[in-house]
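Next come the structures, one after another.
Two complexes follow with chain A in common, the first pairing it with chain B and the second with chain C.
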Partner chain A sequence: MKSGSNTVSAVKAASLAAPTQGVRRDKAPIDWIGYVFVAFFALPFLLFNILPVLFGAFVAFTEWRIIGTPEWIGLENFADAIGDEWVWLAFRNVVFYALIIVPGVTILGLVFALFVNQGYPLSGLARTLFFAPNVVSATVIGLVWVWILDTQYGLLNNVLAQIGIGAIPWLTSVDWALIGVSIASIWWDLGLAFVLILAALQDIPKDLIEAARADGAGPLSRLRFVTLPHLRPVLSMVVTLQLISTLRIFSQVYVMTNGGPAGSSSSPIHYMYTVAIVRNLYGYASAIAMLLFVVILGVTVVQRFVLRETQ
Partner chain B sequence: MTAKDNTASKPARLALTRRRLLATTGAAAATGLAAPFLGAGRAFAQKPIEIVHWSWLAASDGEVWGKMIDAFNEAHKEQNVQIRLELVPEEQYVTKVLAATATGRAPDFGWGTAGKGASLAKDGVTVPRDDLIAEAGLEIGDFSESSVSASRYPKYGNKMYMVPMDLMSLQPEINLDHVAEAGLNADQPPQNGDELIEWAQKMTKRDGDTITRSGILMTGSGVQPTVTWGIIAAQMGFQRASEDYKTAAVNPDKGIAAMQWVLDLFDEYKVSTRDVTDRYKAFGTGNGSIFWTGPWTLNGYVGQGLNFMTAEFPNVGGQKKTYFEMGGLELYTQRDTDRYIATAKAVKWLSDNSFLWTTVGRGATPRLSILERPDYESAGHPWKVRGAFVEGMEFATIYEIPVVAGPEFTIYSGGNFLARTLEGVWAKTKTPQDAMAELKKGWQEMLDDD
Partner chain C sequence: MEDWLEKRGMRLWDVPVWLVGMAVAFIWAAPFVWMVSTSLKLPSKVMSEGIEWIPNPITIQNYVKVFEFPVVRWLANSLVQASVSTALCVFFGAMAGFALARFRFPGRAAIFLVFLASLMVPVEVTVIPMLLAFIKIGWASTYQALILPTIANVFSVYIFRQFFLSFPKELEEAARLDGAGPFRLFLLVALPLARAPMIAASVIIFTLNWNNFLWPLLVTFDESMKTMPVGIAAFAPVVGTHTQLEGYSVAMAGVTVLSIPSLTLFFVLQKYFIAGISQGGVKQ
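Showing the complex of A and B:
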């Protein structure tokens, strides 16, 4: 009771004081030091992120070769991009990348997290090993996987040969190159998904699992009716992050196949790089970037809608 | 003691107030900004002339080039002139030069490839150097005629835009262990298409249908099939552009026939496999027997002790021709034009002293005075690996197309318009006829826009 009456008094006091404080706040000088602290981040962010994005959007409507003034050509770059079979191929490829990599990373991340969460012996080591590829640069990952996936002398084909499977042209065939790059990407991206899911798993109250077990739920039922519903937010986040990451796939493609053969493993960013850096067509490359931006935005909105929390 | 007590007991001068923080930060920033200028007079007085040089040479040829720059710096210690060498990835080279020039911070000079810099010449990024060459004391008459001609852009003033440094061609390097194993005579390398295929078939190794060692080392995409097509097509009579650079794809049927010849290496003669991912490594590790490449590979292969020789490119299509490439040094536009003459003199020194570069580093010398030296043949790498790259320059006549869109025409590329168009042919997702129609249309538009 004493505590309750104190609270009431405090609220009354606050309500009486409120108008006075409001007036004082309105008249107080602006606290510029706050802006100074924010500026340490905000200025570089505006200068090196926002400004280039806006400039890129402008360049998309121009013909520009760095030297000289951009020449306004309206929607010509966009029309060219829409009529460019290599753009379509790159976007088609990235859809396939997403269909392979996103489920691959999410499912394997979940499986590995469930495994480590069991607390078996050496699970600490397993946790480190599963996360380790994520801290290695994409270039190194690419180079290592080029060796592993080499058709003639690669480790993977050697292993497959032991069980009677013939050499698969992982990186040199139009049918396999995209899959080869995807395998390396899954291995690389798995770590982050694994850690996020593991953290979420460890947040599930043990009581719930025990209660389900006491009610006779088997492992699969516990996974389906207790664990997965609790993981829904983190799985949604993993899928979103992975999808955005996959739509921007570049380094692995560049290092492992350079988009070939015949563009079968190219991606929008890789094609954009070729157009801008190799061919110096910056306006055209910016137009492709804008198209990719629209696609990523659209996919993300749709995905957030599909995976939204429901009552 | 409470936390409040603890705080109160600290000396007042150590308390970090907002004002003190701002004052300290401002002072530190001001000191940092001013630091470079403290004692500037003394530093400037002793500062040597620093010539900034960009290079993309990062392989074994880069080591030799580094020695050339070191030698220059050593020789010019007394004069206080030094070259600062900076490595830039080849693929990004032009972009970075453009960006640096646009911001007024272009390097003084850098590597260029003859015929590929028309856009730089047109945009004024590279400096026409006829006057500078004369002022620096370089004798144009000492350069081979073809090298001087390749340094010019007829459409853009026809002035020299680079000092030629070395002449390169594509010639077949042949693994001598494989030659001996196949019972072939290394003294009589293949001279025509039939002999080439015969040699390749004898040196190819297969495991069932799988080629485990390529008689002719190819890749399924990228540079190797593209440049092979380019050479064979030119030998057959195909021209990427007419002599006046107005008509694209002259004699398209010959180009189509050359595509078929390349396809036959994989599918008909079965002497090549599309499954090679790294052609340089594959030849170095003995997984290929005949590999047409450039002299930039010599330093590496000789260094690793590979037993090989170099032969002249066989006449497969009717006219003996191979790919020509010339490396040279370009001067880039500077705000401070006084720098040009110092740079031109540095380039002259590098050219005059390019004996090491053209015997060990990369291609044949364009300097007649160096070529005539009695020790030119005996110096550097053994003649059996270097000779074809020197003597073969005689028929290295497949030049670049010196127009703004030149890089889209070059046959030595893995990602330009030509290479991307042909990739479908090598992967058998496009017919040679369709590819040629695309090439003709695309190239013609580029020539029309030029």
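Showing the complex of A and C:
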């Protein structure tokens, strides 16, 4: 599974959180021991999940190098970021990544889930094969696809040559590198969307489908009028999760192209990494992370708003 | 033919759909086959035009070569990091999830909401400040640095809380009547019944840890402290020179070794993987 924070379906979970408790408010004694039970988890949570965000916000307003004293420089990092063409390039790239990967993962995940949900022979095997890439690390994904996408000896160009398509420089040209990384990302990410959509499909009451069939609805109109309306919430969740995960794209970029050639496949987090590790500008790197954080929060808020409107 | 189909709930026009779908499923797995196939080829036969799925001859020399790198050490580091972190995360998560589901104390709903809200924070936002802090206290490139920041995975709390919400009240009351305190209630009554969420949380969190990339990449400076994904990533042609010089067979041997633990875990326990993931929508 991918590195990074867990983006559990906060959407789904948050709606479950509140109403399940507080049924009785009688004079049952308070279990003070509850705080102790929670503390074991809450302590590392505060230290390593929450505190670094606050500290990072502070670092973003400083010039911070590994050696020497950090210096408060106000908004300078943010001003620099807005004037930095590499920042613009990284954010432009991530929009293109999202435009390729999010529809790719959602549509293929939907098609694969519809197929497995038919319950044909060997559909359990198909489910395993569709999900498997999701459990290996970015290093595996990256290296396997660098090899498959090799211009001269790669498997994909070899196959394409048999149907008369000339060698494509998947990872070595400015025009193709982002697409090459996106192909590997779709292969890696699909499993989650697939499993979530499949679970939602299995929740659709069988009699509903049967009733539609009895009314003479063919497979396509059953899909259009029964299945897809039921899938709207899960598809909305899949699009949001995948969009956020794609905005954070880093590991496969690092392994496959290291952002190149000429920054054509870089991403905000890849640029953040370069600024910190190669250029030793930790304050500036933190400012770039904060900018991305704001974008991701914006996406989350918009998604929740849209979800509420449609329900 | 008709009988065969009917027994499987299929009609004649299902057959082409089935055949195409299964073909796509096998193509979807082909990169793994290609990975293993390449790792068993002679380097001289790898960089050649033409597709050879079954190597001839089969060789293990790429695996021998890959173990000339500190792969044993990287594997050990990954194993220590992922095991310790997963054990702590699952145990603490079970405690917190149990308390949030079963104990009545002021603020428990708010605490859970804060846990959930934190999921909106991408880990990428925390790595730079955390790296600075670990360098400052002299813990960069240590096991503490690899393990501590990965302990508090909210998924663990979430999955146990969901499970314990439907925990039978009678069991809890019986245990309390027997004079069991809250810790004995949790350890001896609740936890042994929570086998399913425990396996689901363990396999998913272990896999996330095993595959974790950005944080170990940042915080390990010495070759000897690298984890397996970070160590093997140096075989990428854009990062190191080894693959450019030797070709892809050794790199494929490296990623095969790296992917065996998580793929095996998945194949054996996929029921738990898929249940846990569709329940929590987890993803790292």
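Here, the second predicted complex is superposed on the first by the 269 of 311 C-alpha atoms of A that agree within 3 Å, B and C clash if a C-alpha of one lies under 4 Å from a C-alpha of the other, contacts with A are read in each partner's own complex, and residues count from 1 in each chain.
Note that a residue touches a chain if its C-beta (ideal position, glycine included) is under 8 Å from a C-beta of that chain, and two chains touch if they have at least 3 such contacts.
From a predicted model like this one, the values you see are computed outputs, not experimental measurements.
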(message) For the overlaid complexes, name the partner, chain B or chain C, with more touching residues on chain A.
(response) C
(request) Return first, second, both or neither, reflecting whether A:Y97 touches chain B, chain C, both chains, or no partner chain. (result) neither
(message) Just checking: does A:I33 make contact with chain B only, chain C only, both, or neither of them? Give me first, second, both or neither.
(response) both
(request) Please work out whether A:W188 is in contact with chain B alone, chain C alone, both, or neither, and reply first, second, both or neither. (result) neither
(request) Please indicate which partner A:A276 is in contact with in the superposed arrangement: first for chain B, second for chain C, both, or neither. (result) both
(message) For A:F55 in the superposed arrangement: first (chain B), second (chain C), both or neither?
(response) second
(request) Identify the partner contact of A:I66: answer first if only chain B is touched, second if only chain C is, both if each is, neither if none is. (result) both
(request) With the two complexes superposed on chain A, say which partner A:G263 touches: chain B (first), chain C (second), both, or neither. (result) first
(request) Classify the contacts of A:S173 with the two partner chains as first (chain B alone), second (chain C alone), both, or neither. (result) first
(request) For A:V146, decide between first (touching chain B), second (touching chain C), both and neither. (result) both
(request) List the residues of chain A that touch chain B in one complex and chain C in the other. (result) 33, 66, 146, 150, 152-153, 258, 260, 276-277
(message) Considering only the defined contacts, which chain C positions touch chain A in the complex?
(response) 8-10, 14, 17-18, 21-22, 24-26, 28-29, 31-32, 34-35, 38, 46-51, 91-93, 95-96, 98-100, 103-106, 108-109, 111-113, 115-133, 135, 148-158, 162, 165, 182, 186, 204, 207-208, 210-215, 217-218, 228-230, 232-233, 235-239, 248, 251-252, 254-255, 258-259, 262-263, 265-267, 270, 273-274, 277-278, 280-284
(message) Quick check on the complex: what are the chain A residues that touch chain B?
(response) 33, 36, 65-68, 86, 146, 150-153, 166-167, 169, 171-174, 258-264, 274, 276-280
(request) Flag every residue of chain A that touches chain C in the complex, lowest number first. (result) 1-10, 12-14, 16-18, 20-22, 28, 30-35, 37-38, 40-42, 44-45, 47-50, 52-53, 55-56, 58-59, 64, 66, 112, 115, 118-122, 125-133, 135-140, 142-148, 150, 152-153, 155, 158-159, 187, 192, 195-196, 198-199, 237, 241, 244-245, 247-248, 250-251, 254-258, 260, 269, 272-273, 276-277, 282, 285-286, 289-290, 292-293, 296-297, 300
(request) In the complex, go through chain B and note every residue touching chain A. (result) 18, 22, 91-92, 94-95, 98-99, 101-102, 119, 123-125, 210, 212, 219-222, 273-278, 287, 407-408, 414-416, 420, 423-424, 426-427, 429-430
